[in-house]
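In what comes next, chain A is part of two complexes: it sits with chain B in the first one and with chain C in the second one.
Up next, the complex of A and B:
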């Protein structure tokens, strides 16, 4: 299953109440060991986002803005902001006394250069202690976009440095990363001395490593959450957030093609896929945004109707099989793709599975980009390379209208919002998974085990 | 509750409804508290559902026109069930005012399925209206801001250990001191400054804020103390920083880098401990020391037990153990499962000091008073449950109260409490 990169905005970079300290005060010291499926090849924020490893960006870099637990912007490297000219021009005041890990002082010029590199469409001007961001169109949710990991503030070229809580100690692309605590981190030195990350490890490998005590935090695939809990492991899950969807390569070119897509959507027994293949690791959906983020997701239908599917199929007049691509490295993708193939066949739609080459439709996972619904929808369209929607406002009805139009474009069929899950070693404290699935390690610490 | 008119009438969408999505359920206690908080906060905020109910009813009646409809209401939000019934009544009466009567489904020309939903910031109410044989329902939606809930501290009439809420705020509170007088004043210490409140008309009113300026970054788990002075109003101890208020005239605060030890209980006890400037614990080096013991293990907090001719010090070590120092010997109370925060407290009816200790439970926490007849603690009060982990526990000047700060896991606010031990209950 291809993991759409772009987004994964772990974003939110929330510093919220869920990260409150426990009854035992945090201990300083120690090394936290993590394993991950991803294989990032570069550590700049954009590469990390594209490698679906945005969580790493938050360890090394900071953004100007973070979003709180309600998705509201809060200062980070910025200390204040002011919108001018109808939200088309934003003046952002910068925090003083912050340095990059290479020793360079953060100033308006470095911030402006960083934002320009990540957003070629923006005009970014450097003042004394401010930067001014100008956009071609009014951008009322610019602050949420500034909280995206790809807008992390960096300094330098191929191996950029950041202002984050950890700095690079050792790096083997795609395999291993060692991070050391930044002693003079502007928000206070992390409790951990270091973090060791091993990449490219499948679920079984991670589980074995965890059982052998070689890792403290391991990922759990959604289909394994139930079993991990039954085995008594300390499992932490996010809200349903990552979208599993069928994504078409282009908009329908004819009415017949539109009918074919309708037929496919109506043929799918999504609850069965979730309950059987994914072992309840997600929630069936007909929406792009999870309901906890939008408040209206339940109005979009997802229930199968074989009769209507057959009617649509008859109108489609399908002449050639539709190629369905999936990620061969994803252990459940093949099973899900086969289920879809069988459901479609029952409605008269012919699919053919492939793991490589161009395909008419792809089974994809799309991480939730932000705790801000507008930003999430916008990033989704960027991922799919379809026109960015224009929002008329930020209320639920207005965002609903935009999402409905996106769904009506028939570029994708939402299937399931998946939970992100991790298991924690017995002495790991304050590792948080936020509702959007982003992993927060900045407050993590390791408890000293009593003799 | 702020209100924005976000109501929109929407075009029809495809028919079909998702099954109810079960979000992660909090513990029963948390649910109970949540409901109680919601109820209380709704009362506090006036629970005025009239405007959104009127807006929704207006949208429904615009779609159905005058006549008879069936109405179903499903709650998938945090709104309390009692409020749901109230909302239903409001919607029905608003519909009636528009000429739409609510009746049984078999006698209705249309069915309105209203779902009370929510997102991170707003309540979202959706009406899906099925009329006649139309294949697709019409949709009406209103959204409006959810209130930011605020709750008081824990208090129980049966408690011997009493809690009085002093302050609640989103910024972490490090310590708080109450000055009796007229008016009563409270000093609240945070990482950014000292806020001075006057007690007026039954509530604390912010009178002045004195910013704390520091060069080096503070540690992540920031701790700090505020202690009343003798010839000036107060001193502030922060990691690597000491601040002193002005002695006369308008109140100012001067801070400078400092490695001076912090008084462990109050200045009267004459024992201080050196605090690590970039961490969250005392190094263990004591000034001037406990008898012959000039140092102990690194520790988070300490409490004294007066023992006639000596003081037994109880230390919460960074090794998660409780250590006892009597001036000669050091013992480890390995069986105790206490948290990192301890503080000494006195009850008016007793001459000795007791120890207030936190638990090691997560994510909730509790505080309990213990006495030390010998070297084993005995519970001297009930456990005072707090809805979140304790962040700070500091004895106040006279030892007759302790300031507790906890992070309320329901609201995300930091709550400062004044804890006292009441006798004879």
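Up next, the complex of A and C:
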């Protein structure tokens, strides 16, 4: 009797363990529903990047290279690479057996054509299962650049198709996108059958949709992260990635203008803005790159000094108010702009807010482009339309000095690195945010809810 | 100015002054009545404003109270009671509560004055709210509030929310804007405006108006400034660009420290008064015009009845002055003018009588003088005649032998004296038969040249230098023969005055109305007494002569309507000056003077 009980106990334990294992093991099937703020009007990679919808590009397309969580290049559509001639010529070997969603096989010509379209300054040659990229200047961080969503490999003109895990099923520009799983995806079919995306929804709309159970994954604005957690939602955040900064339209034209920008920078109570307006949804910063990416971000100060600010203002001899532009559709941006105006006024700097027309300075949000610091800095300067720094190496001191020179140019005043955040429905699994804020859905699956 | 014009002016002034006085009185009374009515309407409207204001004040107090009683406010108070209060989670709470309570302003501040949450300016968290740092007023009050769009004006109330020993303040309010003004019931012709934020220069952006916009808001600037400075009511009449006037009464709206924060402006149109005033003025102008017309008519009538008799009198007086004493004036009325006319006529009668008596007396005197002169002149020659005849009788009786010689001598003497008598009688006859001048155009230089030509030989014999100073070719209307005789007499007298020689100067000159002839000698000169008697007939200073020469000259000059005078001093010679009229129509009785 005693032996039978022991056996029965062991057997039932094994059974329960099996059931538990079965419960957490990924399932195939299901449709993941997402809501987004953005309103992309086209599905080619460049349009998606410009619409701040790079996450979509990763669903439909692949890049030759991907970066891991440490920013190191890993093979994707490329299986190998070699730098020649002082990093001015790169030979990249392509993966075989990859097809686009329209059935076209991926070859060196399509890859070369795709790269040329995205990078007119490059010279891209197609070989046999290889492409050769030649640049005018040494390009030591070409691999990180190839990992950017805008360098996704795309085939086709008006109806672009990619090699990504999902392919286009239905598309209403700016409103709705239906993606279906690519059965023959070269990395293996994704668990999800399809993904439904609704665009152009604000934070409140997304929250309401989430609460009504119509959305599985919704975006959360940085200032709402704390409240969402307090309300018991499943919130996933990235590392501080998106840079909130004051961006000037031109370099200072005189010493007085430089003093004025210094006065403005010294007057800002950035921690108060982060703690109160953004509810701690970011990290105050004086650097362009977040500390977790560069490792030296803490070196650049951001503390306010009202006395020094007033001294700088006295040297500035401001004659006319400085126009500060902000996004009128973003109430948080409005509050931040108002706070900046008040801080500046305390130091004697006169600002005037505007929501349209040319302005001397703009409150802007610039997403982190890459897990590679060099590439991030380069993409940042391209976004801000300021001269791109030339890197000869990728050491931390060099990146630091480049960033320091950019900051000294007073083209921008960094304020806060914002986190990207999403809230997940109760049955959503394996949806992750990379540290740079990019959404990873390739391994996502939906747990079946017991009635 | 003529009497007629003065009369017209007097009548016109009387009418104008009367009309102006009446118009002024009526205008003043009308304005006062209008102002009284306007003041009453304004007082009613201000009372209505105060009632509405009180109601609004109570409402604000109630709403702020409700906001302070909310759970969000309680949470803030609890957070404020912590040692290190964290207000970050309350950023939007004030805005939510303000919307719920329909408040335009709502702020929560702790007892240190730190703003916890602000509805009107969310970014102001952490800044100081001065009202929370002092004892806030218990009642609702007016206050200026800084917002992102500028300083605005509202009605505020403060409530406290306690949490243990700590408390926070809820400071809320509503804006006094167009909505508030629109709630007032305005009488016709009146409007209400609100000027908020009196500090700084006047700006039309701060003027809140109900109804039609104000044409030129700057016209209200002086009134607003006055209220701001004095903190008292004021009023003025504003003339708008359209030409319409409006009485604007301004009332200060005071804050919690009794400082003027805003100005309530109550406008009352003066259009009706303006129209009435225009009608009064038109009526006055019409009355003035009619009055002036009447004045012209009356003055003309009065002038005719008064000035014409006076003009007749003046004309008659001029006739009398010119020598026509027969002038009479008709007396048409029995009033003062008639009496004056009668008196004038009596005067002329008396003048005529007196003149006749005078003429008779002068004639008698002249006859007596003539008889005396005749007796004197004739006595001289007659005495030698008598002696000669007596001598003849004696010689015949006493010396018959020398009678023949004596007879011849005596006959010669008798003939000489008889010739003398005949000369005297001839001159008398000549003087009595002086003809009237036959006037014709005469050149004075030519006439004088002709007169002295006869005496050229005598000038040389007597060593007399004849100097002629003719200024031109003066021409007059005169009798050339008589004038020749006059000039000759003067030249003869001058020759007689210079027995040892000298310079005889003859000058002519002329003006527009008269011509002058001067005859100057370098003789012994005349005394004043001699000058006075010089032109008397038969007076002479010479040893021989009839004394009629200068009287003849005077008679000729007088008949020409001129005058003769003499300038002389003993030892300095004499100058005879004949002044003759140039124009024929100026001939009249002349006179003499020295």
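By definition in this document, the second predicted complex is superposed on the first by the 426 of 451 C-alpha atoms of A that agree within 3 Å, B and C clash if a C-alpha of one lies under 4 Å from a C-alpha of the other, contacts with A are read in each partner's own complex, and residues count from 1 in each chain.
As a working rule, a contact is a pair of C-beta atoms (placed from the backbone, for glycine too) under 8 Å apart; a residue touches a chain by one contact, two chains touch by 3 or more.
The model shown is predicted, which means the values in this text are computed figures rather than measured ones.
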Clash or fit, chain B versus chain C on superposed chain A: fit
First, second, both or neither for A:291, with chain B first and chain C second: first
First (chain B), second (chain C), both or neither touched by A:335: second
Partner with the higher number of touched chain A residues, chain C or chain B: B
Touching partner for A:303 - first (chain B), second (chain C), both, neither: first
First, second, both or neither for A:279, with chain B first and chain C second: second
Superposed arrangement (fit on chain A Cα atoms) - minimum chain B/chain C Cα distance in Å: 18
Footprint of chain A on chain B - complex, ascending: 4, 6-8, 10, 13-21, 23-24, 76, 115, 117-124, 126, 128, 139, 141-143, 215-222, 278-281, 300, 318-321, 334, 339-341, 358-363, 365, 388-391, 407-409, 411-413
Complex contact set, residues of chain C against chain A: 87-89, 91, 121-127, 148
In the complex, chain A residues that touch chain B: 16-18, 20-28, 69-72, 97, 183-191, 237, 239-240, 271, 283-286, 291-303, 305, 371, 373, 393, 395-398, 400-401, 404, 443, 447-448, 450-451
Chain C contact footprint on chain A (complex, rising order): 226-227, 269, 272, 275-277, 279-280, 335-339, 341-342, 353
